[in-house]
Amino acid sequence: MDAEVLPLPVKRNGAADPAIRPGWTRSTLVMAGLWIGLAAVVLAGIAIGPARIAPLQVAAILSERIGLILPVEHTSAQAAILMNIRLPRVMLGLLVGAALGMGGAALQGLFRNPLADPGLLGISSGAALGAVTVIVLGTAWLGRFAVGMTGILMPLAAFLGGLAATMAVYAISRRHGRIERGAMLLAGVAVNASAGSMTGLLVYLSDSEQLKSLTFWLMGSLGGADWSAVWAAAPLTVLPLLLLPRLARALNAMLLGDAVAGHLGFDANRVSRLSVVLVTASVGAAVAVSGVIGFIGLVAPHLIRLIAGPDHRMVMPGAALGGAILLVGADIFARTVAAPADLPIGVVTGALGGPFFIWLLLRRAPHGRGTC
Amino acid sequence: MLIASVSGVSLRLGGRDILNGVSLEVRAGEVVALVGPNGAGKSSLLRLIAGETRPDLGRISVCGAPLDGWSMAALARCRAVVPQDIQLDFAFTALEVVLIGRSPHGTGREESRHARSIALDCLERVGAAHLAPRFYPSLSGGERQRVQIARALAQITGVEAPKGRCLLLDEHTSNLDPAHQHGMFRLAREVAAEGVGVIAVVHDLNLAAAYGDRIGVLDQGELVAFGPPEAVLTPTLVGQVFGLACVTLRNPLTGSLTLATAPLAPTPIPQGLRA
Amino acid sequence: MRRTVSRVLLSVLMALASGAAARAADTSRLVVIGGSLTEIVFALGKGGSVIGVDQTSVWPPEVKALPQVGYYKKVSAEGVLSLAPTLVMAYRDAEPASALRQLEQAGIPVVLFERTPPLRALEDNIGAVGRLLGTEREAEALRRSLDGQIAAVGRTVAGIGKKPRVLFVLNYDPSQTVVAGAGTIAGQLIEMAGGINAAGDVTGFKPLNGEMVTAAAPDLVLTVEERWEGIGGAAGMVRLPGMSATPAGKSGRFAPMPGPLMLGLGPRLGEALRRLSVLFHGEGVALHGR
């Protein structure tokens, strides 16, 4: 399935197929390119920032960690910035970007809709509701303790909120043990609207301090990234990243319809359930630590499909890598363009993602890889 | 060898009796055509045999074992279905779509080596080898249908199936021009000759008569006749089931049974609407 | 539960420790996050040590030329560190908490100040900043001056018979009339300057519909100076729903006040109260009060 499609008809006697070249198939090249891109953007993310740290100093600080001392001078402040601020921020960007990218790819396959996005299942709006509830009502319920607790309480509430919203969507769309995809989309709309209105009510009730806090949370940011956030998010984001690609062949078959997928031996219902659970876990964890970051889940799978076709075996890992690259890249932009201030990353992804998407659409070939 | 055995099967859906006490058998090497008016239950019967739904009454066996005993994955290795219509909006190439048909056979080394050649082979058998690199959404309805036939074919080609293989076709020529219609039915016969049991739902009585070894006639959920074309497609039955007057002939080109049909009685135009 | 308690204890200990450390800390390069905190630092004569401020710091005017570390709800740890400060001063509600932690981890002491209750916090903060920066005498002087100004205004307004009804409109969104209700700084200032908060029935900043604006019947409407032009001046204000039927609307009594003066309590509190009492009760009364 990965070799370049041949332009010539093949003879019945199985004459030589000129397109099969051992090793260097298109998807291998694309994956290699993505991994290289990831390494590049990680290095850039570590080396670039409002504080000036020269590349050699970066190398020195990093190599110190593995016991190799280089004769390059650097301050302990620079080391602290690199190891405690930039590195966890880049790591978080990787995890969140990969979770959003692969989540988007899985849902686009599941809903047979290239415009699907992790927000469809209510994860983002549920998480927002959870976080805003803690911000606005937290002090009322917990008093002064809330100030110290918001560090763990907010991500937890955001995660639970996303989970609750998705469970509601899932429960509404189940009929006789089967998931009805069409009902799921509509349930998502309804749950998003309900969560949105409850969030709006809380925003109305908030005082100006709370309003400022939640406004920024809703815009998404990797600015809160420290190592504890990374370790907290890692298990729930990494596990689905490893498990979801195993559903790729099933998702391919399901694109032809649940009935055909059944004929081909795949339990579409089970695959749907599993995908929803895995995507909810990873995207829920991502949103919990970084707020609502739009566009990555929509754009990353799309870009991969554009370059390498709609086969999920390529799109899912590709979108994870692509999402990670996009997010870390956007974050580099967010923290340098207005340095020393920090732009909300959701603003950057929207500002870059929107026009880019429009350009993509304008370039589409009819029925070609441009739109799906 | 029995490929499919349907015994006393009834299906009720949404308060209606879709099928009522249907029994038939399909042997290896034969093409069984299912005909009947719209809503007779042909597609439902095919879906039951495919294992998509369970009957409310009765038993179905496919490829040597009862349907209940088959796991979806195992059944997929010896039974393929061409459904009535498929919507695919993603830019897979025709070859990639056919290769999806090989999914039940895993990802082993043997499989990866043979999958592509089997897929290209099947595309050639349906006369669509030139479509291999084209994007599926850009194909015409007829071309897509032939690609789906190739996909189903690829699913059961080159497999070890000692209990037999089954190919289910649900109006697989509905979008094809007459030449291709004949071509695809000829293909069905070739496939049957390779030992596969083929069941095809078809509207065109002449195609059924020309290519079916046996024909099953369904009417309002009942199997009213099942046997060789000559025995089944009699003017009486055709009039009763289809509401058509018919005359049976021999096709001078092929020698197969041919029906010339006309509406039973011309419906009188109401007095007031006459020109 | 035990973890929560120990976390709280730890924060208290760290606050005390950092306070103690700060007193001995190097205060030559300050990053100040919080507009009124910046004003206090400058009022105590230590403006020269400030090398970076946040977006809410707009006074004194020379602050605008300083590097910006962003909004106090979105502090960039690396941004602050890139200015190579020796001390960071911020209000406790600065976010994200992880950024402040990262600053501490990088060896930069972070001193947090309270914001509530507003008046007491202001007094305490002036004292605390004075101790921190070694300007205890200036701090004491500032506090006495501030107390004096507040007391003077208090005496003036004590004798006022009829207090004017005053409404403060936060005019950022032209589609909504957001007013300062009870519990806001603006509301508190109105009361301290001898007025009645016409929106005293609502709590916090809330949008008021046209009927309620008319029912509030303000004699004077205050708004934020920075948005005065944008909303179209007095002509624009009177067009707000329900405004034209109010006494203020009919007589065109609209007055812009600088945002930082009305939305936060800083060392310019005395000046804010004086200006308000002039607006409310006329020049003569204010001079009398002196």
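So that you can tell them apart, the chains are marked A, B and C in the order they are listed, and the count of residues begins at 1 in each.
Basically, contacts are C-beta pairs under 8 Å (C-beta built on N, C-alpha and C of every residue); 3 or more make two chains touch, one makes a residue touch a chain.
The shown structure was predicted, so the numbers you read here are calculated from the model rather than taken from an experiment.
Interchain contacts link the chains end to end along an open line, per the touch definition above.
Chain closest to the overall centre, judged by the mean of its C-alpha atoms against the mean of all protein C-alpha atoms: A.
Averaging C-alpha coordinates per chain places the centre of chain B 79 Å away from that of chain C.
Centre to centre, using the average C-alpha position, chain A and chain C are separated by 39 Å. Chain A and chain B have centres, each the mean of its CA atoms, that are 43 Å apart. Those residues of chain A lying in contact with chain C across their complex are 49-52, 76-77, 80-81, 84-86, 145, 147-151, 204, 206-209, 212-213, 215-216, 221, 223-226, 228-229, 335, 338-342, 344. Of all residues in chain A, only 1, 3, 5-7, 9-10, 12, 14, 17, 20, 112-114, 249, 252-253, 255-257, 259-260, 262-267, 305, 309-311, 366-369, 371-372 touch chain B in the complex they form. Partner chain A is touched in their complex by these residues of chain C: 4, 7-8, 11, 52, 55, 67-71, 73-84, 92-93, 95-99, 101-102, 105-108, 183-184, 204-206. Within the complex, the chain B residues that touch chain A are 47, 50-52, 71-77, 79-81, 83, 86-93, 95-97, 99-101, 103-104, 107, 115-117, 120-121, 124, 129-130, 132-133, 135, 137-138, 155.
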